[in-house]
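The first chain written gets the first letter, and so on, giving A, B and C; residue counts start at 1 in each chain.
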Amino acid sequence: MTSSAKSSRPRTRHTGAAAVALTAAAALLAGCSSDDTSDNPLAGEKAETGTVVVGSNNFAESTLLADIYGEALRAKGLKVSYKHNIGSRETTYGLMKNGSITVLPEYNGSLLAYLDPEAGQESAQAVNEAVKAKLDKKLTLLESSPAEDKDSVSVNAATAKKYGLTAESTLADLKDIAPDLVIGGSPEFQTRQQGLKGLESVYGLKFKSFKALDAGGPLTQAALAENEVQAADVFTTDPTIVKEKFVVLKDPENLFGFANVTPLVHKEGLPQEGVDALNAVSAKLDTETLLDLDAQIQLEKKDPLDVAKAWLKSAGLD
Amino acid sequence: MSGFFDIPSDLQHSWTGLIGLHMREALLPVAAGLLLALPLAQLCGRFRWLYPPVLGVTTVLYAIPSLAFFVVLIDYTGQTELTVMIPLALYSLVVLVPAIVDGVRSVPDETLAAATAMGFGPVRRYLQVQLPIAAPAIIAGLRVATASSISLVSVGALIGNQGALGNLLAAAQKYDRPELAVNAVVTMAVLAILCDALLVLLRILVTPWMPRGTRPRPAARREEISPEGAVR
Amino acid sequence: MNVLNFVNAFFSDASHWQGYDGIPQRFWEHVQYSVLALALATAIGLPVGLLTGHTGRGGNALAFIANAARALPSFGLLVLAVLLIGFGLLPVMIPLVVLAIPPILVTTYEAVRSVDPAPVDAARGMGMHESRILFQVEVPVALPLILSGLRSAAIQIVSTATIAAYVSLGGLGRYIIDGLYQRDYEKVVGGATLVAVLALATLALFWAAGRLAVSPGVRRR
């Protein structure tokens, strides 16, 4: 469209130095960017042999649990590195399979629903057996803890009042109401069995629309509190349930099944003392503890690693 | 535990560590883009028919959002810095090729003829005459590419803590700590302004014949015509 | 992995064509965000650029503002705006408008500044009013460059509007973000294709606008 500014440019005779300077510019750019001495980007995926890589999903509780596992392993003298905030299970499971992660905090029933959407969930023990049968051969579950954190469909106080929903109401009671409600949850909630799919197939619920938020995090809490959505996937250990008077709907068909905190492990990467250390953590971790630790992070804004270390110390696992 | 500089432990870096990481993730791609753009632009200058298709392909590449690039690259390069840096290098290339081609083309024919008459071969003429005269246009392109790159790195936070200072944004969201987002935005803006100032300084140094001041007259117009930095 | 297979699978799935998460709806949302952001940025950038360009004053201040705005990271502004303001369209408009103002502002200024002073002086000598000089002499000549600034802003908005999906809004970014978390490459690639198509359509639109609006005498320079 425009012709080049041919005649307006000052003439030059000899500018060899400038060419050198320009090359220096490139070198300067490269130089000032290599000030960080840590790992080579290509080496990022594969862990050093002998190092246990503890991963976490993209929500605060997962970070906390990964910190607890990692620090418990460190206390036993193992070399530990972290890979935090990776994403959803859909991503982390693949990284577990290929060995990029050695240990990941999981929820037994949720993992089963991912591996086999059709599977029934009668007891925690049966769930663990079913998961182990379905898991990739390189992976296994360790002992489950009594601590449970389920997905749930919760409605906000205004919606509960409007439709007369109480703590005794069930998901089945939503059948006629659902077409008026916008439901929120993580993007993956939209395509999961323990999500929109199961809500429709098990309870016959068809919501007005789905709003993608985060995995039970502040975005979900705010959207539900501000009535951007009327129902949402809220984690049962979420301290905002009490704070915002959300109503958690009962799940008589057990769609959300069991969700006991359980370490998922890449067998080759974790020596026996590591297995023992994680089983010791599971033995001590109950739902009440998890609620308390989550509240420290979400309400008191403490750092997950500090919370993890303090709890390990109090539990005598450090 | 909720101060401006209290970086959550799961980012595994101090504030200064994040800055170092950010600069590496942002500037290495620009450098790589420049290294690729120079020969490509030279080819486009030599074979004029090549320029329109190259421009077309780069325009399409530029229209693809960075996040989509990251997600698709995960399968090949994993959730690593490299996955973030490859698209950024491509975007830099897209900005730099037209900047260099236009810069080199704007060298007056008489100047080239004079250089040839002085016995300069094509290589020497390119290095000692064309490139230096094109320097203001190239640096204008570098300024755009650098600002864009510094901003785009932060989107890497979405593929698992690969966004350096951008990870602070994800953390701000995850822990509901707005002060971390303020920290991230301000730090990235300051880094972008500092890098920009360095490039302006570089231009003044390599083009001593040009009038000083922040904007080179003929080159400034070029800068605005080429596609600018965007965050997708 | 074959990208074209994903594109094909995405577009041939009938369920992708209907409902609140269907392609028409998401495409329309994306267009709405983009047009609104471009309109807001133009409403701010164009008058200021024309005025400063015409008077020739404030060029340095303008360059400073544009450089500062360019330094602000869009993704960061988005997250910050959502944390401070909450849900809705406003927090998404902030980063998009901040992104689009510099190219519009600076290009308009440069375009008006670079108009050949001879016809401008002639117009002034004929006793034309300053506003008529601006709109009847300077703007027609500067139009190709002004349009190129708007075009550059529009392309950036179209591709950047994808990040709105990170904070729960719609638009084509929905497919990319959802695809990332659902590990569904079909969606990611399909969404990216749609964004690229929209960007190229925007280019075509500006090309057509240039053909229509720019006077033939100016076009063949």
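Simple rule for what comes next: contacts are C-beta pairs under 8 Å (C-beta built on N, C-alpha and C of every residue); 3 or more make two chains touch, one makes a residue touch a chain.
This one's a predicted model, so the numbers in the text were calculated from it and none came from an experiment.
Colleague: More contacting C-beta pairs: A-C or B-C?
Modeller: The comparison resolves to B-C.
Colleague: Centre-to-centre on C-alpha atoms, which chain is most distant from chain C?
Modeller: Computed centres place A farthest from chain C.
Colleague: Determine the centre-to-centre distance between chain A and chain B, using the mean Cα coordinates as centres, and give it in whole Å.
Modeller: Inter-chain centre distance comes to 33 Å.
Colleague: Per the centroid of Cα atoms for each chain, what is the distance between chain B and chain C, given in Å?
Modeller: Roughly 20 Å, centre to centre.
Colleague: Could you work out how far the Cα centre of chain A sits from that of chain C, in whole Å?
Modeller: A distance of 35 Å separates the two centres.
Colleague: Which parts of chain A, given as residue numbers and ranges, touch two or more other chains?
Modeller: 2, 87, 91, 219
Colleague: Provide the list of chain B residues touching at least two other chains, using ranges where the numbers run on.
Modeller: Where chain B meets two or more other chains at a single residue, that happens at 159, 170, 173, 176, 221, 225.
Colleague: Mind pulling the residue numbers of chain C that touch at least two other chains?
Modeller: Where chain C meets two or more other chains at a single residue, that happens at 82, 145, 148, 177, 180.
Colleague: Report the residues of chain B in contact with chain A in the complex, numbered from low to high.
Modeller: 1-2, 6, 8-12, 17, 20-21, 23-24, 26-28, 30-31, 34-35, 78-82, 85, 102, 105-108, 110-111, 114, 127-129, 131-133, 135, 138-139, 142, 159-161, 167, 170-171, 173-177, 198-199, 202, 205-210, 217-218, 221, 225
Colleague: For chain C, which residues count as touching chain B in their complex?
Modeller: These residues of chain C touch chain B: 1, 3, 60, 63, 67-68, 70-77, 79-80, 82-84, 95, 99, 102-103, 106-107, 110, 114, 145, 148-149, 152, 155-156, 158-160, 162-163, 166, 173, 176-177, 179-180, 185, 188-189, 191-192, 195-196, 199-200, 203.
Colleague: Could you pull out which chain A residues touch chain B in their complex?
Modeller: 2, 4-16, 18-19, 21-22, 25-26, 28-30, 32-36, 38, 41-42, 44-45, 56, 58-60, 63, 67, 82-87, 91, 95, 100, 214, 217-219, 297-298, 301-306
Colleague: Mind listing the chain C positions that touch chain A in their complex?
Modeller: Spelled out, the residues of chain C in touch with chain A are 20-21, 82, 86-87, 144-145, 148, 165, 167-168, 174, 177-178, 180-184, 210, 219, 221.
Colleague: Applying the document's contact rule, which stretches of chain B touch chain C when the two form their complex?
Modeller: 59-60, 62-65, 67-69, 71-72, 75, 144, 147, 150-152, 154-155, 157-159, 166, 169-170, 172-173, 176, 178, 181-182, 184-185, 188-190, 192-193, 196, 214-215, 220-221, 224-225, 227-232
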